[in-house]
Structure formats: C-alpha cells, structure tokens
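Before anything else, here is the set of structures, which you'll find just below.
Next, two complexes with chain A in common: one pairs it with chain B, the other with chain C.
== the complex of A and B ==
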C-alpha cells in the first residue's frame, strides 16, 4: 500500500499538472497591430547581402570528398588557372601578329591590354601622333581583354594606353621607357627590321 | 638677266619653303598654341639641316600636347631630345640610319655615354645597331647599371648576336628581375649562360 506521504506527493503532482494544463489552455494574447509591425519591420529591414554572403562562406561546414575526387578537382583547378594566365599573357605582350595582313615593309604588331572595367582603351604613341582617337582597341567577347593590330615601322618606339579617354597607362608587359618628360610613364617597343641582318 | 633669275629664285624660295614645312606645321598647329609651335618649329628647322631626323621632335611635341604639358615643358623636352639626337648622330657616324640615331638617343637619354655608342658602331660597322641600342636603353630602364649593360651588350654585338637573340636576352633579364633577382644579378646570370664575360 502506498504510504501517506506518497499519496500527498501524488496529489501534489496532479495539482501541478492541472495548473500547467490550465496555463497552456489559456488563449495567447496577440496584439495584431504590433505583430504586423514586427513582420513588416523584418521584411523592410535592409539586407546586408555582402555581409551575409561572407558569413555564409565563413561558416564551417563538413564536406566529404574522396581522395580521387579531390585530386581531380585540384587538377582541374590548376589547368583552368594556368590556361587563363597563359591566355592573358599571350594577348597582353606586344607581339608580331602573324595572322594579320602585313603591309609592305611594316610588320604588324598586336597590342593588348587587360582592363575589365574600362569602357574604352586607345593606343597612343610616336607612330600615331599620340592621338587618343587614332587607334582604339577592341574588347574581346568577355569584355576584359582589349587588342588591336597596328603596322609599326621597324625601330624603337614609345607608346602608352589611354583608358576611358583620360587615364594614361603604360603597358605592364613591355619595358618601361626611361625618363618621363611629361609625368606620365610610357612603354618602349622595339621592332626589328627583318631585312637588317 | 641675272637679276631676273635671282628674283625668280627668291620668289620660288618664298613659295616653296612654307610648303615644305606645311605638312609638319599642320600637326603642330592643330595641337599647340602659336608660340609653342613656333618655338618647336624653330628647333626642328635648326637641326634638320644637320641631317638629324626631325620626326621624333614632332612626336615629342605632340606627346606633350596630348598629355597637357605646359608650353615651357614641351619646348624644353623637344630641345633636349634634339641635343640627344645630335649627340647620337655624332657618336654613331654620319652614315648611321635614322632608326639607329633614334635608338642611340634613347640610350643616351638613359645615361649611356656617347663613347659607348661609338665603340658599338666600331664593333658592328656594317649591320644595324638599332636593336642593340634599344635593348641597351631598355635594360637601363629596368634598373641595370649602365656601364655593365653597355659592356654586356657591346660584347654580344661584337660576338655577332642577331637582333632576335638580343631581344631574347633582354626578355630573359626582365624575367629574372620579375622573379626577384636584382637587375645587376639578372644581367650577370644571363651573360654567364650566354657565355659572355660577366660584368
């Protein structure tokens, strides 16, 4: 038989349960106006997309990758990166444009410049009267690499690029021209004369 | 009769001289104010008679105009270049080509001594020195000391290096500098690999 103290405890437990049930049954008061205001505040709160993206990227995750899969991904990444770098370097340095039509006595030189955000790039130098309107470069399909083929007389030349019609830039892939008479750095180009030697 | 001939000659000279300068003046007139144009044209006229190429002087003035340099700076730069072109012509000899004189002037502008140009001319009396002088100027612009660059390029020239080899040599030095070598060390290393006397 249960002892008297056990009966009292059981009775007390039932009371507590009854009180809890009654509390849960009580309707919850919701202030509709306040609720709507909170919802709209949340909807209209300015989104910090960059911050959220950074936080999302910084959040630790567990990823399961097989060793072969990881090796393949690393190889693919290396191939893509090296291919992109080689493509940029190939277009970037001034070079003889072998596929372009060649005028008599003047080798065609291909100039390239990487400027993804530029709206225009022009070539200026001692072969076009330093005229920013004379030799505009054309952007490739992606829009970041600009190039132009120009017939250049054999010899040493000085040139630069004008970005967006106002900013002078030397060619980072070419030797700098020694000494600046007018404050803006130039690049040097040497075109060998095929018939000289 | 003689007076008539002299009058006719003077008339032809008056008519012909401005026409000879007209093509050049058109470019300068379009980009320079009258005072600067006259000063530049005066420099060009003074050097033209000596056989110095004048086109680089026009281009120097146009460069200054495109870069919105002030007039005094443009005239000063043109005058300085005229002096360098004249010195290069004198160092390389009267038979040197315009391209050689222009490349020689760039070497002088970089600090190379005129006697170095004369030695290189003597070492290669027949072939063109244009690329050798241009490579010399480029190396100095990259930071290679002028005397060591001169000795190595002169040695390569004496050894009969072709233009393509000189350009490849310069690219090698530039690559080594880009990878962290000092300009002098890069030149020395490339000279060693080219079996040239190290500076």
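== the complex of A and C ==
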C-alpha cells in the first residue's frame, strides 16, 4: 500500500490529520461589533471623501490656477494633442499636476487616453470604487484625446480605463499592476504625499 | 429568508452601501479563521480580512459572478494573506497561540486541549505558505480543487501536489514530532 498518498495513508497518520483538520475547522469568533464597525467605517468613508473632493474641485478650480500652472497645463495639453498621432504608449502617463490647485491635501492627477473611435472613456480605480460613471474623461476638440483631472489621495493606486462603457483597458503609458486581485489588466500609480515633499 | 449574496451585491451596487454589512457578517468568522491560520497572528489576520472586505467593496463592480461573492472574497483574502505573510517570516511569530485559540474558540473546550491545538498550529506554521494555503483550502475550508485553482491561480495538479506534501509533513510532525524546518 502506498504509504503517504493523501487518501490512502497509513491509518494512524490519517487519523491524526483528520483530527487536526477537525480542530482547525472549529469556528473562530471575532468581536463582530468592533470588526464590522471598522470595515463599514472604512467602506463608507472613501466614497464620501472622493465625492466631496470632486464637488470641491468643481467649486474651486476656476479661481486658483496660477500662471505657472496654466502654462504647465497648456504645455501638457500641447504634448497630448501633438502625441495623438503618435504611438499611444508615448502619450498618456498620468502626471501629477503639481502646479494645479490642490484640494484638501489631495494632489490633482491628470489622466489621458487616446481613443479616436471611442464614444466615451471613463476612469475607474480604487479611488472611485471602480465606478464607470463616476469619472468620465472629456474628449478634446478633435475628439481623439481624452483627459480628466482628478484629486487623488497620496499612496499607491490601481486604475484602468473603460472605453465605450464596456472595454476595460489598462493605461498603456503606466506600469502594469502585477499581482493584484482581479483578472482584468490594471495600471499602477503612486501619488506622493505633498506634505512629505 | 436571507437574501442571497447576489441580491446583496446588487443592492450595494444600487447605492445601499449599508447592505454590505450583511455580507461582512456572513463571511467574517469563517474567513477570519482562514486568515488566522494563514498568518498565525490574530491582529494581522483581522487586518488582512478587513483589507480584503474593503478591497472587495471598492471593486464590487468587478465581481463578475455575484452569486459566488464568497469565493471571490476568499481569493482577495488569500492574496492579502500572501502579501502580509511575505512581509515577515512566519516563524518569527507566535502561531495560533493557545491564548488566541482560547479567546477565539468556545470557552467550554477543556483546557488540556490547548497543547494539542498549539502542536497543530506549530505544524501548520512550519509548512511552506503555498502548502499551508492549499491544505487549509482543501481540508479546512472543504473546497474542490477547481475552486482552489480559481482562488489561488495555481493549476490543479500543482495544488494536489501541495496538498499531498502538506499532508505528508503535517502527519509526520503530528505523529513523530518531527519539527525540522521545511526546505
């Protein structure tokens, strides 16, 4: 008889394994109230924060762009437009709009994507609950270059673009997010803490 | 009748975030056990589980089979445990200490069982992380190999090998007291 086959093992060894597994199957009791409160607090908080930040962005951004910020934005826009006819990979690494206004300590990051035939492009990521309706990109006048500015909390984030509401695309200009939890391709972005700079 | 996982996921996605608490309640204890056995430390286990729940919530739109929310969550948790476990060597930690298990498990278990629990915990801690994960998913969580493959990303034959090796080693440690470190 094979000695150590998983199923056909020596009887004594198998008994002890089954006893061990039975012991390990005993339920574990967690402090439910405390644990659930921690989870739900975390679950509910970021959604509100992003929403508030977007509202705040809508209110404030028109009054606080410095001349240098405007120049930087114009340069970036020119790069994006001129890059529209170039390889997609060269155009769109998300950039921290350092000179653009910052809201509540959250740096504003500009995301861009070239999709000349798309009718819509949306940004999805861990910062907006992966909601394809939350952060649409706007097309430029020519229609092929899409961009959006978003306040992003400092830290590492993963994100992707959703084209025409259904096709999930990583950012070709950003590092891929390896080893994440999901099957779809993602991109990685690390936003520095402005307070640490 | 309790709502199904799929119904709860749909409710959350429609905007009722509070409904997520029911999913947390449904999977908390079972997956806390898995995390504790993977990480050997209650605090790390609860952190990993909390992280998994929060990540799952934020990615809920990407749960393509909401009726299998539990498996999807377990895949996220297993990933979190791998990440957390990789940060520090498991052997540097306490593993499912008698104290933890006393607090964790019903108090009416006889105290003389604590040595046995500790022995199991030590044996488990000496397995490679991959083997420990495979052993727990198969023999504690009771999953089929196909489910394990979907959760871990490993192939079925590789998983069978991990389980076999884990079983061999666990059996040896628990019967012969062999506590030589793996690998």
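Note that in this section the second predicted complex is superposed on the first by the 100 of 197 C-alpha atoms of A that agree within 3 Å, B and C clash if a C-alpha of one lies under 4 Å from a C-alpha of the other, contacts with A are read in each partner's own complex, and residues count from 1 in each chain.
We take it that contacts are C-beta pairs under 8 Å (C-beta built on N, C-alpha and C of every residue); 3 or more make two chains touch, one makes a residue touch a chain.
Bear in mind that the values here come from a model prediction, so they are computed numbers and not experimental data.
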A:132 contacts which: chain B (first), chain C (second), both, neither? both
Would you check which partner chain A:188 touches, where first means chain B only, second means chain C only, and both and neither mean what they say? first
On chain A, which partner's contacts cover more residues, chain B's or chain C's? C
Chain A positions within both the chain B interface and the chain C interface are 124, 126, 129-132, 179, 181-182, 184
Using the touch definition from the top, list the residues of chain A that touch chain C in their complex. 4-6, 9-10, 12-14, 16-17, 20-21, 23-30, 32, 35-36, 38-40, 42-44, 46-47, 124, 126, 129-132, 179-182, 184
Per the contact definition, I'd like the list of chain A residues that touch chain B in the complex. 124, 126, 129-132, 154-156, 158, 168, 175-179, 181-184, 188, 190, 192-193, 196-197
Would you pull the chain B residues touching chain A in the complex into a rising list? 27, 56, 59-60, 62-67, 69, 73-74, 77, 80, 98-99, 102-103, 106, 109-111, 127-128, 130-131, 133-135, 137-138, 140-142, 162-164, 167, 170, 174
Going by the contact rule at the top, pick out the chain C residues touching chain A in the complex. 17-18, 20-21, 24-25, 28-30, 32-33, 36-37, 46, 49-50, 53-55, 57-62, 75-76, 79, 103-106, 113, 116-117, 120, 123-124, 136, 139-140, 160, 163-164, 167-168, 170-172, 174-175
